[in-house]
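This structure is in structure tokens; I'll ask about it shortly.
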Amino acid sequence: MTAQATRSKTRPAGTWTSTGDRRPPATGKVLTYAVLIALSIVVLAPVVWTVLSSFKTQAELAQRPPTILPDSFGLTNYTEAMQTFRFATYLKNSVVVTVGATVLTLMINTTAAYGLAKYNFRGRNFLFLVTLGTIMIPLQIILIPVYQVASDLHLVNSLWGLIIPPAATPTGVFLLRQYMLGIPDDLIEAARIDGAGEFRIFLRIIVPLCGAPIAVLTIFSVIWRWNDFLWPLIISQSQDKYTLPVALAQFDSQLVVPFNYILAMSVVSMLPVIIIFLVLQRHIVRGIASTGLK
Amino acid sequence: MTLFARRERRSPTANGRGAPRRRTVPRNQRLAPYLFVLPNMLIFAVFIVYPTINNFNISAYDSNNGRTFRYVGGRNYSELVDNAEFWAAARATALFAVCFVVLVTAASIGLAMLLDQRIRGRGLFRAVFFLPVLLSPVVVGLIWGWIFDRNNGLANTVLRGVGLGEPGWLINDKLAMTVVIFVALWTHVGFYTMIILAGLQGIDPTYHEAAMIDGASSWQRFRSVTLPLLRPTTMVVVILSMIAGFQAFDFIWTLTGGGPVGATTLMVQYIYQHAFESPIRYGLASAGSVVLFCTIFGLTALNFLYNHRKAAA
Amino acid sequence: MRRHAAILTAAGFAAALLTACSPGSSSDSGGAQQADEKKLTYVYFTDGPDEQATRNLIAEFEKQTGAKIDLQIVPFANLEQQLQARLSGDNAPDIARLSNIDPFRDDLLDLNAFEKSALDGQFIDGAKAYITGKDGGLLAVPSDLTMNGPMINVDQFKKANVALPDPKKPWTWTELIAAAKKVQQANKTQYAIAMDVSGHRFATMLSQYGTTYFTEDGQVALDKAKATAAVKQFADLNNSGAMPKDVWLQAGSKYKGANEVFLAQQVPVYISGNWQVSAFDKTAKFTWKAVPNPCQDRCGGFPGGKFMVSFKKSKHQKLAAQFIAWMNSAESQKKMCQQAAFLPTRKDLIASGIDFPTRGEDMNLFLADVKQTPADTYANVYNPAFSAAANAARDELAKVLAGKETPDAAVDAMRTAAQKALEVTK
């Protein structure tokens, strides 16, 4: 990818932040920066453009050619859009569902991954195949049969219905299992010889070693549940159970909704995940980088 | 990636002596794994596996509301085969999935190589490329649809500024498909780049040192050291992106609505529309989803087999 | 591996056997057990200001009867999907507002069983066949009538010195196009005429060109020559840039209103319907008004409508029927029409007319067009196959605009689709 190599013999010890240890040559370095900066602009431009435009009035949005900066950074779009619905309720529901589902996901995915990675039992490969298989099934396809199950279990129109069914993520099991395969069996064996019980081994030895993939799964679970749309739309039937994306869609559905409001609400829906990502970012990069996907 | 780890063939104690398995494993160790996997597998079974199997069943019925059913046997499938829109959606899905898999794999390897160097602000760049992964697909489609609007969109404002005219991004079928693929790349490349970076990290630096001593250029080292050793990681990216590619729907729905003239209507949208839009053909939709499921399943299996054989050779 | 494959297959068969009987929901008995509490859920979609009008009426009903009504607002695009899901579970709402009752016919409550005296025969005759069930029951009440028609930007017409049409002598399509283009040039707007991306709106143009999707006795109509003329005119307008081709093609198969273009003052003539009136009254920053539908072969616009229904699975059937009857009494419907700028569906209100407190002139113009509108259009919009035929027309038009089909072939395809839709719904 980089230009012609000049050979550098010195190689500083790699830390997690410097997994790579190739020192690029000067011209290559310039090129690398140029490409990375250009790509960053492509990635950031639409998001920045959205944020800037979310402060514009309808007339400003229709203007040709559009101005870059809004006339003012007043929060009118935001306040008016939020007044249109019971924002606090939806925000609370979204938070409850996101946190609840993420906690549950972490609990059942880690145990399942451990069972699949570190035990030899009848049906294990079959269960692993099922796990892989379920990655392939989008909800849209099986919406009504799933809904019927949820309904038979009285999960409809309750936040539990948003927390339990999506909690068993196949991707999570898959990632964690791959990581756990890399943990030496000797560690477990030694603990067994010391007389530790199976669950204790899992809790005291395995989980602390899995910090990285757990961080990854946390952020993904947060992203998935926060942005979930179709399932909450079907399950949350009364307004006091709506999550943010469902409320947004309701807003979008009214025949005459000014686009400036939609932009403002889109920005609002982005903020929490971006904040969580920035807080967890260090762990995530490290986490993905060591999830054992190798 | 180790899919079916060899050591698992032995006992969980894994001392490798080939001790007769059943006798050495205490009872609690035999029971434990079932308890560990139980909660997760229970939810899988109830909310994914059972409805999916039920879906096979539904595909043999006709229904105009998803609730009252009439048995029709294989007629839904023969109707699919005769349906031009189905084949159009199948072709569009294949085109999209192939382009997406190839481009996203290549792009994430390229980007990961760039980010794997010792450069300033690497953490910042990684965060930036990861940003689109965080956004809701509905919002992503909405934003890009607005940017690619022919008259008032940002894209054409810029192009007009430099005298490149105003292409009808979303009203020309080839351009619209290009836009859809581009937006899919924009959204997902950050995620796959992270996976590739993890793979690069796992490559033992001594290989590179050995190659350097042999006087290999950096391109040669990339070709003959990095790529082969990265193969298992690449396979994960290929499989995950292939599954994502075949399932693409929500951002396309808000971006192009499947248009112009069905040019970007992929399988999931085809299924979705038959299940929920007038005239409702719920059984036909189920038959479509069975076909989609089998396709994804078959391709994934092929992928595994190919890689296992390659790894064994 | 072979053993696992065998297990997988076996598990699959076992599960298939378990479900093989019928994939429908387990509890599919006719009537639901009735509960006593006075609480109703009302699933609603909104076009804007009608929501407040509905809430006001609900408050009044609650005060009169002591009942409690939970208004649940659902995005229009997801209404059918959510209702299907709720019905397939055991969480049917008591009342719903629908624009298409067809997918739910088997689930709807016969309102005559409870409120025959208040409801039977009170509503426009055109809807009668549509709202009557197989065994003669009253499945739905037409709660409001909509009328498609053009709205214009008066400021732009003034600036261009173009006269507005005389309500007694409407434009022909040719005159409308000439006027719109002149205004477009004078004001340098992007387009001359805009229409929502909707087969229902296009049906207006079809009707004015002398044909419709279906005949009054439910056969495919769509006169080849007349429909082709309409499609050709529509395609010419779009290809010449007078209409926003982009809006139509970019929408794909989603509904897309062109109201944004009109509100941004980028088009002087906007063909939509009366439901825009109260919203435009609040949001438009310029002078606008409704004008009569253009006459070509025929005059008048195209009707549409919303319905109120209850379900067999409702646990409060009696109260639900009472609420529907109350909401559609002459007094309530009049209030609703006045506050939300809706058109009435009751025969007595249509006969007596309504004083609209705001934008009365525009509303009466739409009402006047109701009288001009040919009877077969009602048979169309109330034909069970209408939405499927309209969706097909929308898709075929997109093909013509994309240059993938001739107007001739498009009309043939629309006919085929309409025929198929009839067969499916039978």
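Should a chain be cited, it is by its letter among A, B and C, assigned in written order, with residues numbered from 1 in that chain.
Quick note on the criterion: a residue touches a chain if its C-beta (ideal position, glycine included) is under 8 Å from a C-beta of that chain, and two chains touch if they have at least 3 such contacts.
Quick caveat: nothing in here was measured; it's all calculated off a predicted structure.
Chains touching both chain A and chain C: B.
When chain pairs are compared by their number of contacting C-beta pairs, A-B comes first. Centre-to-centre separation of chain B and chain C, using mean CA positions: 38 Å. Once the centre of each chain is set as its mean CA position, chain A and chain B turn out to be 15 Å apart. Looking at chain A, one finds that residues 61-62, 125, 143-145, 148, 150, 249, 259 touch two or more other chains. Shared interface positions of chain C, i.e. residues touching 2 or more other chains, are given as 23, 25, 81, 84, 88. Annotation for chain B: residues touching 2 or more other chains are 49-50, 54, 58, 66, 151. Interface residues of chain C, counted against chain A in their complex, comprise 1, 4, 7-8, 23, 25-26, 41, 45-48, 70, 72-78, 81-82, 84-86, 88-91, 257, 259-260, 263-266, 275-276, 279-280, 283, 285. Across the interface of their complex, chain B is touched by residues 12, 15-16, 19-20, 22-25, 28, 80-81, 84, 87-88, 100, 102-104, 106-107, 190, 245-246, 249-254, 256, 385, 387-388, 391, 395, 398-399, 402, 404, 421, 424-425 of chain C. Within the complex formed with chain C, the chain B residues making contact are 49-50, 53-54, 56-58, 61, 63-69, 145, 149-151, 168, 170-171, 173, 253, 256-262, 264-265, 273, 276-281. Interface residues of chain B, counted against chain A in their complex, comprise 1-2, 4-5, 7-15, 21, 28-30, 32-37, 39-41, 43-44, 46-52, 54-55, 58, 66, 110-111, 113-119, 122-123, 125-139, 142-144, 146-147, 151-152, 154, 157, 160-161, 186, 190, 194-195, 197-202, 205, 208, 212, 217-218, 221-222, 232-233, 236, 240, 243, 246-247, 249-250, 268, 271-272, 275, 282, 289, 292-293, 296-297, 300.
Looking at the complex, you find that chain A touches chain C at residues 58-59, 61-62, 123, 125-126, 129, 143-145, 147-148, 150-152, 156-157, 233-234, 237-239, 249-250, 252-256, 258-259.
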